[in-house]
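Read from first to last, the chains carry the letters A, B, C and D; within each, the first residue is number 1.
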């Protein structure tokens, strides 16, 4: 196996929109994509393997397993509405060469399916602080896409000298090359490896993009649990170092 | 040399079964494969070289040497019984690209030989503790293979979020792709670089798979020596830190 | 995308000279190339992408972005005078294989455009000391190019056992292979990540090469600010450790 | 440049013998090859470039330079005697893939020239101690080559679990594949980055191989200087820590 390959069931798609959520900063891409897959009852129809992925199999239940992969799920739209395709997976390519190959393959495959719009999901890291009210940032292949984002409450990114690493950025870049409209939607985040609160903010935007309300259920719960845990850490800290504690009314529950 | 290559003597094989034991966790794969080779008096009939292996030659006796390689050994089965093929070697490929190429080549080669069943051997690491009574874990390409494993006392793996890295996992994955039945058999282990005790547990399973008792001889000896050494380390530790020593009857010889 | 590619507008060039300034020691290449681009009002006419570059997009204003790239800018010469081409960019290739591929592609592309002379810009690191009066060092594909450099005040490098890493050196080497005259011009530097003072010295040489005075404006300002900052650091240091301070007249403002 | 390439002047060779001395342990390969080149007045006739080498040019005198390379030198033998070819250079390939490609190319090139015997030179590291009376170890492609080595005072290596890394080992391995007689000759060494004393021992063996006495001149001098320096270090150490000094007669000058 010397090349990235996509295996798929032939499927007729109606003006599909692709949402990409792969492992990355704050796990926001993965959280959002997994949530969409569940809420939209999407079914797997394609699998991508690559020699640039980690060389592992992942243990599943009862002695079954899967090779590290990226997977495409399909949720048929209501009559006259766009089909939704969701790409999620276990890993991103490990090397630059792999990133360039895999991310362009993804765009080419989706174009081959007749797709004309892609949204990638990522995290926008603002340092080491937990972000209680995360903003959602966005960038896109063209002014009209950015304009649409803005109407949905997304803050366009600026020339800060920052970069978007990996699939979330590369897929938007290759979309531009292949003349597909694409945007990268990033939840503000910091500190956490799994930031459900930020994922929640992104899901609200995604719901607006597809014109459907998406229930938050499990993401809401995970976000709540995380905040409770952070609060406890905060309280504990105050107890162990009483001399440093500040008056209760000044205390921020978030560090 | 830009590609993985296998050089072999043309040989007629009778429904061969492949056992793969390459360097890895606790050296269990290597220990089991070397032991099988010796006990089954298997003869080398194929050698695999790869530009993804370490760039070394290994010194042998009297100024001779070998280039780092993986080697296939054959033990002809009794009349009507399966031939046994054993793959062992000096190294696994160093890069992801190499792992994907070499492990698929191994499966393709064995399929080309007419093989339909593969068992890979590995270690299942449970942390930093020596495991006195190691369990044997397994996963497979299909429910019937896993079912067979279970009958032989192997515990099917579960969805723990854990992965199998390298050849032991990848070969089973490529077997599935190429429609070959395959299982990965893993001895529970921890702490040791060379865990003969765990290898022993796996050899017993392998014996049942091929329907032959395999003498433990040298593996038993190595396992005993390791345990004696661990016990000595334990005693020494108690002597040097007498204040920390616990009553003799409570002492576990294994740490 | 498995290969380095250059996309360009077809342009007729008059005996073009290429100046290459990519990220590197003291950022001297980048500083000089950006400055030349601005002062010579050069316009982008070609972009180079490579799977050996970092896998990032860079945020620009209003939600726009660019994929990491190297870019060629053109400044048409006055009648009968050479056109000036400037190559600058976000990164150099990450791997040896990438450096060999990208740098040779650059030379081949420029030769294809009819170019016959290349100057690469870099830094010549002399240790950890700020260099107030930087010399400019140079090496070239042939004695006549080195001789020309020398007349412009450039010190030819000697057999010191030192190397030039990356594009600044590789492009000169591939120029020689493809029978293009080339020189590497290096500003002496130390300590600073962005050494505008050394860039200034190189720009003066570049001005002589193209027979035009280049205004120093912004580079002069940046260099001045850096020196003020270094002086402040120096003064602060003296204030915080008064016991170590030396008599004012002995003090060097540069460390 | 995506492949290793060798550029050479067509030359008629008489049963040439190749000696390979590239950078490695104790710099023994490089020291020996450079010395042979000088003493045998060998002339460069071929240059090898590779995208797996470091991406550097090396500064030479008066603003000249060379791209990192390996170079073949030729010393014509007396009438009826073998021509001597010496391979030396600035670096070895950086990646496993590069080592496999470059070292096989070297063997194929030499075979193409009509060569039938290769000797690689390396260091045999025995730890961190300076070796005053270095032995010379050897391994080879066949029993007769090892036997010849033995007659010249070389100790055949044994199955110690040790490896020979890089070109010194790989070239002998590829020689075997391509049915060329080859041996690896290794000077015992330790501690030093540049071990002229060990190189001296290897040169004596090389002299016997080609049936010519090779003057030691500069190598002898370098070795003497190193020993003086080590002695001084030793004396200094005794002076700074007088309480640890042992009676003069017991002192070893070598640590």
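Quick note on the criterion: a residue touches a chain if its C-beta (ideal position, glycine included) is under 8 Å from a C-beta of that chain, and two chains touch if they have at least 3 such contacts.
Please read all numbers here as calculations on a predicted model, not as lab measurements.
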item	value
Other chains in touch with both subunit C and subunit D	none
Same or different contact residues where subunit D meets its copy subunit B, judged by the half mark	different
Subunit A on subunit B, rotation in degrees - Cα superposition, rounded to nearest 5	90
Inter-chain centre distance, subunit A versus subunit C - centres from mean C-alpha coordinates, in Å	38
Length of the line joining the C-alpha centres of subunit A and subunit D, rounded to whole Å	54
Residues of subunit D whose C-beta touches two or more other chains	none
Which chain pairs touch, all of them	A-B, A-C, B-D, C-D
Residue numbers on subunit A that touch subunit B, as the complex places them	1-2, 51-68, 94-95, 98
Residue numbers on subunit C that touch subunit D, as the complex places them	96-97, 99-101, 103-104, 138-140, 143, 146, 149-150, 156-166, 169-170, 172-174, 184
